[in-house]
Every structure is written in C-alpha cells, then in structure tokens.
C-alpha cells in the first residue's frame, strides 16, 4: 500500500476505464476521488455503483458532467439527470437488482463464475439470461462484475492499508475492494500499524493498493 | 384519520415481537410510528443496518448513518452494521420477517408492480425485487386507486417486481389477502361499504360471509 | 433471543437432526454444546463441519462416540477414528473442498440456489455434478448446504444476541449462523445491550435463537 | 544442509515484497524462516488470518489463535481476521500471490496430486483444491522421490488436486518449471548432476543448454 495525493492517484485512471465506486445515495462514496475525476475530466467511464445519488452529490456529479458512458446500478431515481441522459441515449444504463448487484460484484472478488439467484425470475431482469431450474425452483444465472479500479471510502486505514468502515457508509465498499484490479481507498485518517485490532479490520490490507486522506475533514 | 395514517396503523398490527422488518421508501416508513406497545421490533434498512432508530434531534445527525431514503436516522443500542452483500443475504436468505412496500399495481395472482412506468418513470428496482422475492412476508401499503383508477387489477400492465405473490394488501379502503383461489377481502375500513371497495377494484374479489371492519384505534 | 442452559437447549435437538458445528480443528467449536450432545446421546446425526478435529477435541468426540451417521467436511486427516468408521461403512463421509464448503453454506444462508466455482473441475469432486462452461472456462455448479441446527461459538454476545468472534475462532461460525433453522451460540460472556459497537458486531442478533454461556471459563 | 532446509531456502527466494503467501502444512511452513531481508511478506492461514507471526513464547499462547495445522501462532501488528468464506474468497479470487504446498506427485502437464492415496490415506482435500486452483502462483515443495520412486511422473496415478498446472516444483535435487512444452529443468542442487536428476524423474524433462546451480546461502 502506498499513500498518495488524489491528483497522483486519479492520474493512473485512463479515459474509458471501468470504475466501481462505493456508496449508497452518496454516503460511503469517496467524495475527494470523485471530485478529482471531475478535475482531471476523465471521459467515457463505465461506472458501477449502487445508485446515481443526487446531481450535486456522490457519483451524481460524474453523470451531470457527462463523464460516464455506461452506468451499472440498481437505482437512478434520485438523480433526474441520469434518466434524461438515458432517454437521450447519451448514457447507457444497466439496471440490476441491488442484491444481485452485490452478489455479482462479490462473485468477481471471490473467484466464482456466477451465482444462481431467485431475484428477477419472471421479470424483465430475466431477459437474455440463462434460467436454471433446480428442484422445481427457477433461478437466474448472474455473472460476475469486475472493474479496472475500485474507488472506495473507509473511516480509517492503518499504514499497511487495513480498512475500517463506519455505520451505513460501509455498504458496497468491502465487496468492491475485492473486485477490481486496482483499489484506491479514501479515508478520514491513517492510524499506526497495530492500532486496529485484527477482529475489527473490515478489509484486509492486501486488497488495498493506494490510500488517500480526505483533506477536508 | 387520513388515508396514510389508517394504512400505517393497520399494517403496524401485523408486526410481532422480535420481528426483523424492512420499511420501504415513503408511506411504509410511517408504520414505525404505530408499532404495538410491549412489542420489540428490529427495523433494518437495506443499506446495511439492523436496529435503526428514529430521526435524530437537530444537531445530532451523523453523516455516515442514513436510511434507504438518505434521511438521517439513529442507531438504537444493540444495532449492527454490515455490507450490502450481507444485507441482501439477510433479505434473500429468508431472515427478514416482514417487508412493507409501496405499490403501483397488484394483480389477481398477488403479483406486485412497483418499480417502473415504462417511458415515464424509470427509477430502477433498487432493493425491491430482492425484498419481494426474499422476505418471509410481503405487505403492500398503497392507496386503493390512483387518479380514480383501480390499482388492484386483473393483470399487472406495468412490469412486475417478482413472480412471488405478496401476502397482504392494505389500502385506505380494505385489507386484501392474495390466496391460491384469488384475492380475498379480509377487512374493510371504517365507514366504507363492500360495494365501494368493489367499485374501486378491477380485480375479482372473493367476499367472505363476514367481512369485519379494520380494528384501528 | 433467549439465554438457556446447555441441557435445555440440546434437548430440542431430535435424533437424526442435521447440525452444523463451527470450528477449525476444534478452535471456534462450541465445546459445551458438543459435550451436552454426548451427555444426551443424540443419535444418527448429520454433521457439517470443516473437519473432524481430534479424537478428544471438537466434533471429533461425536465421531468417537458414534453419534454421527453422516459427516460433510473438508478434512478428516487429524482424527483416525473418522477414516476407520468410514472404511467400515459405519459413517458416511462427504468430502468437500474447504472453499466450496464455505460457499455452499453461505449460499443456503443468503438464499442463492447455487454457485459456480472453478475448484474441483476435472477432479473426482466433479463426479455427479453439473459442469457449466462460461467464456470457455469450466465451473462446477455447487448446491447450498442447509441444516436444522447451527451450533456456533462466539467470544461474546449481548443480551439481544449480537455476536463477536475472536481471531481464528471465527472461521465457519458467521456463515453457519445464517444457514440453519435454529441457531444456538455458545459464548464466554454476555455483555449489556449497547456495549458492542454496531461496526464491531460480526453476527446480527436476529440470526441467533439461543445463547448459552460456557460455565467453564 | 538437509533436504528440507535446502527446499525451504530456495522457495523463500520466490517471495517478493508485499506478497500475500499461504504455506501448506508440514515442510512448506519452514519457508517462513528464510524470507529475504528487507522483504515484507504477509502470511495468511486459510482458517482466517493475514499477518500470522511465529510460534508464541511458552505461556503466551492464545486458545483462539492457531494456524491451519492447529499450532499456536502469533498475530503481527496490522494483522486481520475473517470468516472462512472471506478467507477462501481471497484465495479463489486471485488475491493470494503464492501458495507453497507439499506434493505426492506432479505430472508432465504440471498437475499436482497431494490430497489422497485411495484405499490407504484419505485425509480430505481441506483447502488444497482451492489453493491450487486460485492462487496466482503455486509452488510445490517436495522430496524428489518417495522410497526411491520418482514423484515427478508422466501422468499422476493418484487423484489430482486441480487441473490447473503448478508454476514451480522445488525438490532437494532440482527446480523444475512446468511450461506448455513440458517440464523444464531450471536449476540443480549443489553437488547434483543432471544425470542424477534424470535417473530420479519418470517424467520427460526439457534440459536447457545452461542449467545453473541453485543459489542458496
């Protein structure tokens, strides 16, 4: 793990990259990293995130700035801009049930080829997917979602990169930390190695490549 | 009593001691205000908490602690937080006793549509598909009609949320239970006649000999 | 959650029940509960556990007492009694790769119909299983493992049943807590509600039915 | 230098700064004693820890802290603990840089057999199948022969652990690398001739023009 500045770490992301971004309606989203993506005008991004938050918050800002080519999310209802761009075909949106989104990201992170979920069977989510019947019950075969980069937000890190999250700001962050080639964590503080008890580490250090400290706190 | 209060009070009677309960965005959240005395309910929010408490006093908000509508909440003593994969594991794994969700339509098979109006409003399914598919008991909280048109219909014209039938529909006019034989009128609201319910319902309703009036204080 | 004595809680388990037992070579195994099963001579059990530990430790004792009809485990090499009973056909053993065992138990707990894993492809673990090919890579379709009872061991519980584990005694306990009808936790102490921070709860209270305190500590 | 020490020292040279490494039961654990200076390795044990340290001083053992052989270990500052699903998620998900495992046989395709001898010894695969299938790099640590019989064979007669070929075989006689063209003799031990290696190997070995001697201090 290496501690870098937001400018340095975002420089590594090329236009057209796929990035996972933690957060639920902006809470648990790495705000500094998102702002730096906007500063550096990264284009044609594929973004995986639970939702597109609000026009002025979370990854909603990336949508408003039209930096996103494709969005994979479970909910876009709180950001009118997302639906507008989708209707104008400026933005491709793949809507995924939230539990399925979590399992697909997890599957990529833990090396599974896919999972069978009852969610979405017999709905339009089934379209184009393989249906597997087991013991008379139907399931959709859902495939892993992997990304080039994961941008996650934790409360704190130690100097090895072990992460601890806070309350409902945990959400998608731990599973995204396993499902991308490069993992960048934004934290509020970095504490000494050994100051985080082993039982309270939420994401082990070996998963984290870079840590940036949110200077605004 | 206004329609929303009536619905919330009636649904609250369905919650039993020790239940794990998810309340959907909007009117369903009102149910928490009317849970029976001496009954200990654990409210969860799919963004990753069990033991969610009421809205905090002004000045006591925590930026990391929100409900699924991005509103600030509190964490009661004994609450716990977890990631989104675990959260939906609890939901889809049958550990959630009750989910209360809003509805756009419910049809004679008990199937709910509540996540999109094609060409008009595409907020995404968020957690709804997992909640309806996975909860032990699904209760729909909705007005009986929308702009004078029945919402309890022969067959959903809107995309359904799950093929799994809901367990109870509570409106300001009636309590209706989907069964294998069809929709059964279980209770009517105070001051409402069975004829009024029938006039405002497109679906066929089975009317038992005795249809009691909702017991609401 | 209810706090009971080992005698009371084990009484609920009928002969022939399927039980998951936490632990890795005995560490993280609820020793009191295992001893009480022996006291009450529960017979014909189906036991799911990582390993059969040692003849005088962990679930190894259940094997020696011949209370187990079928064992589902990843490793039996440290308990010679297991292999002997297996060869004499007194004990049916299903050997499952450890990561697959973890995912199958998790799948049951989180409501998945199955998972696709590359582990075991082209080995004797493949026998009798469906092979799914995706993008030219082969996976085994592995099915959920569910039990009537889960006997787990945690460091502490609060009086609502929230659990925290200690170091490598965590192992299979959290996933087993999601995958059984009745979950019984053996803990070293019960602490007041509110004394366990929400971010440090490893298993949320709603999953735990009974807690017993190991009186020997 | 005895065979075990030689093998362990040679394998230790394969470990690089920041690596996450799993050492199998038995001889592989010796590798930890010879890691290069100024190189920070994170040792994990599949029972749920990263940052495992050496055997504790007498009297400083913790009953909850063992390695995968049930031996007491220590937890270094910055260590983290997690459940078995996460542990094997790290392994199968490609987050483990190196696993070092013992072997019964390796064949010309680089396939390892190390988990059972039918009719004789059936310890079970434990974590071996996931480790060989999922680790980025698999190194086999074994004696070149067993009771005078070659262990590097044309085709495994024992049940294989995975169809995924291992990356390196280190014995007291040689370092051999499985490649698409076959097994390549990369290095020979001090005092050993190529002829001796060939006499003790059943599989065909590709012999490059220059076969250096292992650089062991």
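When the chains are written out, they are named A, B, C and D in that same order, and each has its own residue count from 1.
We take it that a contact is a pair of C-beta atoms (placed from the backbone, for glycine too) under 8 Å apart; a residue touches a chain by one contact, two chains touch by 3 or more.
As the structure is a prediction and not an experimental result, all values here were calculated from the model.
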{"item": "Pair sharing more residue contacts (C-beta pairs) when B-C is set against C-D", "value": "C-D"}
{"item": "Whole-Å separation of chain centres (CA-atom averages), chain A against chain D", "value": "35"}
{"item": "Averaged-CA centre spacing for the pair chain C and chain A, given as whole angstrom", "value": "32"}
{"item": "Distance between the centres, which are taken as Cα means, of chain D and chain C, whole angstrom", "value": "29"}
{"item": "Where chain C touches two or more other chains at once, by residue number", "value": "103, 106, 110-112, 117-118, 165-167, 170, 198-199, 202"}
{"item": "Multi-chain contact sites of chain B, meaning residues that touch two or more partners", "value": "49, 75, 81-82, 85, 88-89, 91-92, 134"}
{"item": "Chain pairs that touch, as defined at the top of this document", "value": "A-B, A-C, A-D, B-C, C-D"}
{"item": "Chain B-facing residues of chain A, complex", "value": "24-28, 50-51, 54, 73-78, 83, 86, 95, 97-103, 105-106, 117-125, 155, 165-175, 202"}
{"item": "Footprint of chain A on chain D - complex, ascending", "value": "18, 20, 42, 44, 49-51, 75, 77-82, 85-86, 88-95, 134"}
{"item": "Chain D partner contacts - residues on chain A that touch it in the complex", "value": "106, 108-112, 158-160, 162, 178, 193-194, 196, 198-199, 201, 204-207"}
{"item": "Interfacial residue positions of chain C with respect to chain A in the complex", "value": "103, 107, 110-118, 132, 134, 137, 139, 141, 143, 164-167, 170, 198-200, 202"}
{"item": "Chain A-touching residues of chain B, taken from the complex the two chains share", "value": "45-49, 62-66, 68-70, 75, 81-85, 87-89, 91-92, 121-130, 133-134, 159-164"}
